[in-house]
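Here chain A shows up in two complexes: once beside chain B, once beside chain C.
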Partner chain A sequence: MIIADLSNRELTRILNGPGLRWGSGPFSIHLKNSIPNFTDYLSLIYGGHPVIEEPWEDIADFHIQLTTNSNYRRFWKPQVFFQLDGVNHLAPFPKDHAPPMFEWGWNFSIAGRANHFLILHNAVIAKGDRAMLLPGIPGSGKSTLCAAMVLRGWRLLSDEFALLHPESGLVFPTARPIALKNQSIEIIREFSKDAILGPDFAKTRKGTVAHMRPPDDSIKNMDQVAKPTWVVSPHYQEGQNQILEQIPKEHAFLLVAANAFNYETLGDAGFKAVARVVKESTIFNFRYSNLEEAVETLEIMTNNDKKGLAP
Partner chain B sequence: MAKSKKAGDIFVEVWNKPAIFSTLNIDEQDLFLRIARKAGLLSRFCNILDTAQLSDSLTPKVKNHLQGARVVAQEDARMLRWEVNRIKRAFVGSDLPLILLKGAAYLISDIPMAQGRLVADVDILCKLSDIAQVEELLSNNGWQGVELEPYDQRYYRDWMHEIPPMRHSERLTEVDVHHAILPKTGRLNPDSKLLLQDIVPVKEETNIYTLSPVDMTLHGVVHLFYDSDFDKGLRGLTDMDGLFRHFGKQDEYWQALIPRARQLNLARPLYYALQMGVEIVATPVPKTVQEEIKTHAPIQPIDWLMTILMRRMMIPNHPEEKNFLSWLAWFLLFIRSHWLRMPPGLLFKHLTKKWVRKWRFDVRNRRTV
Partner chain C sequence: MNISQETQWIVPQRCSLLWEQFENGCLIFNPLSGTTHLLFDPALEILKLLEQKPMTAQTVIQSLDLALESKAQNSEVLANIWKIIIDLDRLGIIQPLFLETTKNKQTPTS
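Let's turn to the complex of A and B:
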C-alpha cells in the first residue's frame, strides 16, 4: 500500500492517532500530526511512498510529532513544533508552514543521527546504478538542476543528502521531495508540465519554498543503491556562458569533504569514503545559465562516459 | 514482556540484563533505544552489547542505530584524548601537574565504563592559587575565556568552584578549570587540599594525574546528588555504578570510601548514591558498606521523600510522555540543589536574575517568530 491509497479521512485519523509509518529508502519514519492542512501535503507529495503496515519487522528510525500550541497562542499567531522523540530541537514555524517545518526537521534529524553513513550535503541523481553527486552551497542551483535532470528521466536519490555507505562506497536513495526556492519554483513549473509541485510557502527563512513530488519510478527504485560516478559542482549565474571543466583530484577532495555533515565524526572511515569518491569519480565544475542547455550537456557527457557500465 | 509494563521498568530491566534485549519484541526494542538515546546512554549500551558479543543477532535498523552511536562515542573519545594531549602540551615548561576530573579522568585512566561514554568538555583541577597561571598557560596556547555578561563573570569568579569555561579558538572545545569540587558559597565545602594531596599519576603518562579512586567517586557523587546534574540523573548514576564496579574489585577501596566521605563531609550524598545504585542498577555493594552508610541517612521523612524524588529523576519515562510528577521532582531537586549551593539571600537574587533574563529572552524570541 502507498500513502496515496489512503483517503484523506483515513490518513488524518491515523496521523492523529497511532501515527503513520512509511519507508524512505534506508529510513523509516513514524509520524504523528495534529495540523489539519498537513494531510493534503502528505498525500500529494509523499503519495507514492510505501506505507509500513503492522506487523512491522524492524524499528522506526525516526519518531516524529508535529504539534501546535496548547496555550493562548492557539488563537494568536499559532505555531507548529517539530518534535523528535518528544523533544523540540528546533524553533517553531507559523502553523500554516507545517510542511517546510516537517522537511527541515526531518533533514535535521537525519543529519544528526544517521552516522552509519557519511552524509554529504549534495543532491544525488542516477542513471541505472551510476550516480551523479551535485554538491553546492545554497543558491548555487543544486536543487533546480537536480529537479530538471529528474524531470528529464534521471532517477532521484535525494535533493539534500548523499548517504554514502563507508564500507561499500555506495550511495543510498531516500527519494524524498525536492525543495525548490524562490525563482526556481516558476522555472521548474515552466520547464516541465510533469512537475508535481505542492503549495508555495512564502516568507520562510529561505524565502518562498515549494516541494516537488519525486517521480514514482524513483520511489519504486529507492532500495537500489548507486555508485558515485560523477561529481558536478553547479554554479548558476545569469548570463554566464556554459563551462563544464574537470577539477584535478587534489582540489576535488576538499570540495567533497567540506560538504559532509559528519566528516570529522567518522574519522578514518570518513577520510577513506571521501578518498574513494574522489578516486573513482570524474569531478567537474559546472557554470551555466540556461537550464535546458545544462541538462543536455550533462546528458551528453554521461552518455559518452562508459565508465562503470557493464560491457 | 507484558504490554502494560512501564517504559522505565523495561529500560531498567534490560540495562541490568542486556542479554534479554534481543528477546524483546521490536516495539520494545525501539522504545528501549529511544530512552537510551535520550538519556545519553545509547553508545554505552552499544558497547555493553559489543563486549558481551550480543550485537550480531539484531535487526538491520537496530544495528544501524548502534553503529551511529558507536561512531559518535568514538569521536568523543578521540576528541577528548587529543584535548588532553594539547592541554598537557600547554603545561610543558610549568611545574603544574595536569589533574583530570570526570569524563577525561575516566577515559585516560581506562575505566571500562568510559568506553562508549559521551563527553562534551574537559574538566581539570588546580590549586586556587594556581588559577591565574593555568589561565595564562591556556590563553597562550589558543584557549580564550568565553565572553560573559558581567553578572555571569561575577557568578563564576566570586561564588563558583570553577572559572568561566575556556574555549579553544580553532577547535571550539572547552576546558573547565576547577579549584574545588563544590561552589565556594555552598553548604558543604570539601577541602581541595585533601584532594590534591592524594592525586594519583595515570599509568604510562607523564605529568597527568587523576583524583584517587575514592575521591574520584565522591566527586561524581557530589555532582549527582548535591549539584544540579541530577537532570542527567540516570547517566550520572550509571557513571557511579561504573566506578563502584571497577574500583570495588579492591577491598581497600571499600574500606577507604566511607572514612574519606566523612573526612570530606560528603557521607550524605554517598548514602544517596549507594542507595540508588543498589536499587536501580544493581550496583554490587558489600553488605557491611550498605549497613555502615545507613548511619548517614537523613531523618526518616526526608529519607523517604528524597528516595521518591530521586527515583522519579533516575527512572526514565516514555520519551513522548509529559509527566507532571517527574517535572515536580525535577523542580524540587532543582530548588534543593540551589539551596545547598548558596545562602538564601544570594539564592533569591540569583534566581530572580536568571528568571528575569529568561523571560526577556523569551519575549525577544517571540517577536521574531
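Let's turn to the complex of A and C:
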C-alpha cells in the first residue's frame, strides 16, 4: 500500500491516532499530526511512498509529531511545533506552514542522527546506478537544476542529502520532495507540465517555498543505491555564459568535505569516504543561466562518459 | 625546554597521519585533532621527512638536498623552512621531539 491509497479521512484518522509509518530509503518514519491542512500536503507530495502497515515489527528511525498550541495561541496567530521523540527542537512556524516545518524538521533529524552515513549537503540524481552529486550553497541553483534533471528522466535520490555509506562508497536514496524557493517555483512550473508541486508557502525564512513531488519511478527504486560518478557544483547567475570546467582533485576534496554535515564527527572514515568520491568521480564547476541548456549540457557530458558502465 | 633552532621536530608517534596524494597537492588527515589539511611543496616534503625521523630545521635543509651556494642563501632558506615548521606545529601535525620524549617518560608512572 502507498500513502495515496488512503482516503483523506482515513489518513487524517491514522495521523491523529496511532500515527503513520512509511519508508524513505534507508529510513522509516513514524508521524503523528493534528494540523488539518497537512493531510492534503502529505497525500499529494508523499502519495507514492510505501506505507508500513501494522503490526510494526521494526523500530522507526524518526518519531515525529506536528502539534499546535494548547493555550490562548490556538486563537491568536497559532503555531505548528515539530517534535522529535516528544521534544521541540526547533522554533515553531505559523500553523499554516506545517509542510515546510515538517520538511525542515525532518532534515534536521537526519542531519543530527544519521551518522552511519557521511551526510553531504548535496542534491543527488542518478542514471542507472551512476550518481551525480550537486553540492551548492543556498541560491546556487542546486534544487532547480536537480528538479529540471529529474523532470528529464533522471532518478531522484535526494534534493537535500547525499547519504554516503563510508564502507561501500555508495549513495543511498530517500526520494523525498524537492524544495523549490522563490523564482525557482515558477521556473520549474514552466519547465515541465509533469511537475507536481504543492502549495506555495510565502514568508518562510527562505522566502516562498513549494515542494515538488518525487517521480513515482524514483520512489519505486529508492532501495537502489548508486555510485558517485560526477560531482557538479552549480552556480546560477543571470546572463552568465555557460562554463563547465573540471576542478583539480585536491581542491575538489575540500569542496566535498566542506559540504558535509558530519565530516569531523566521522573522523578518518569521513576522510577516506571523501577521498574515494574525489578519486572515483569527475568533478566540475558549472556556471549557467539557461536551465534548458544546462540540462542538455549535463546530458551530453554524462552520455559521453562511459566511466562506471559495464563493458 | 624552549623551542630554538636546535630543536628537533617530529610527527607524534601516536599520530598516524592519513595521506591522499593528488596531482598538485596532498590532503592530510590528522586523527589526533580530526582536522584535514591541504599541503603543497615544500611543506609536504618537510612533513614527509619529519614523519621518518626527528630533524632540526638545518638538517631538513640538508635532507632536501638544495643547491645553496652561499651562507646568505642558506639563511634565507632556513628562515622559510623555520616558518613552515612553526606553521606545521601550530596545526598540530608535528611537535618538538622533547615533548615526545617527556610524554614517553611520564607514561609508566601516570
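Please note the rule applied: the second predicted complex is superposed on the first by the 310 of 311 C-alpha atoms of A that agree within 3 Å, B and C clash if a C-alpha of one lies under 4 Å from a C-alpha of the other, contacts with A are read in each partner's own complex, and residues count from 1 in each chain.
Operating definition for what follows: contacts are C-beta pairs under 8 Å (C-beta built on N, C-alpha and C of every residue); 3 or more make two chains touch, one makes a residue touch a chain.
Since this is a predicted model, take the numbers as computed values, not measurements.
Trainee: By the touch definition at the top of the document, which applies to A:A91: first (chain B), second (chain C), both, or neither?
Mentor: So A:A91 only meets chain B here.
Trainee: Touching A:K272 in the superposition: chain B (first), chain C (second), both, neither?
Mentor: second
Trainee: Mind working out whether A:K249 is in touch with chain B, chain C, both or neither, as first, second, both or neither?
Mentor: A:K249 sits against chain C, while chain B stays out of touch.
Trainee: In the overlay, work out which of chain B or chain C sits against more residues of chain A.
Mentor: B
Trainee: So, does A:E264 touch the first partner chain B, the second partner chain C, both, or neither?
Mentor: both
Trainee: For A:E54, is the partner it touches chain B (first), chain C (second), both, or none of the two (neither)?
Mentor: Touch status of A:E54: no partner.
Trainee: Between chain B (first) and chain C (second), which does A:H63 come into contact with in this model arrangement: first, second, both, or neither?
Mentor: The first partner, chain B, only.
Trainee: Need the overlap of the two footprints on chain A, from chain B and from chain C, as residue ranges.
Mentor: 264, 267
Trainee: Using the touch rule from the top, collect the residues of chain A that touch chain B in their complex.
Mentor: 26, 28, 56-61, 63, 65, 77, 79, 83, 85-87, 91-94, 113-116, 262, 264-267, 269
Trainee: Which residues of chain A touch chain C in the complex?
Mentor: 248-251, 253-254, 257, 263-264, 267-268, 271-272, 275, 278-279
Trainee: Which positions of chain C touch chain A when the two form their complex?
Mentor: Those in contact with chain A are residues 18, 20, 22-27, 29, 31, 34-36, 38.
Trainee: Applying the document's contact rule, which stretches of chain B touch chain A when the two form their complex?
Mentor: Contact set of chain B toward chain A: 26-27, 29-30, 33-34, 37-38, 59-62, 64-65, 67-69, 71-72, 74-75, 78, 318-322, 365, 369.
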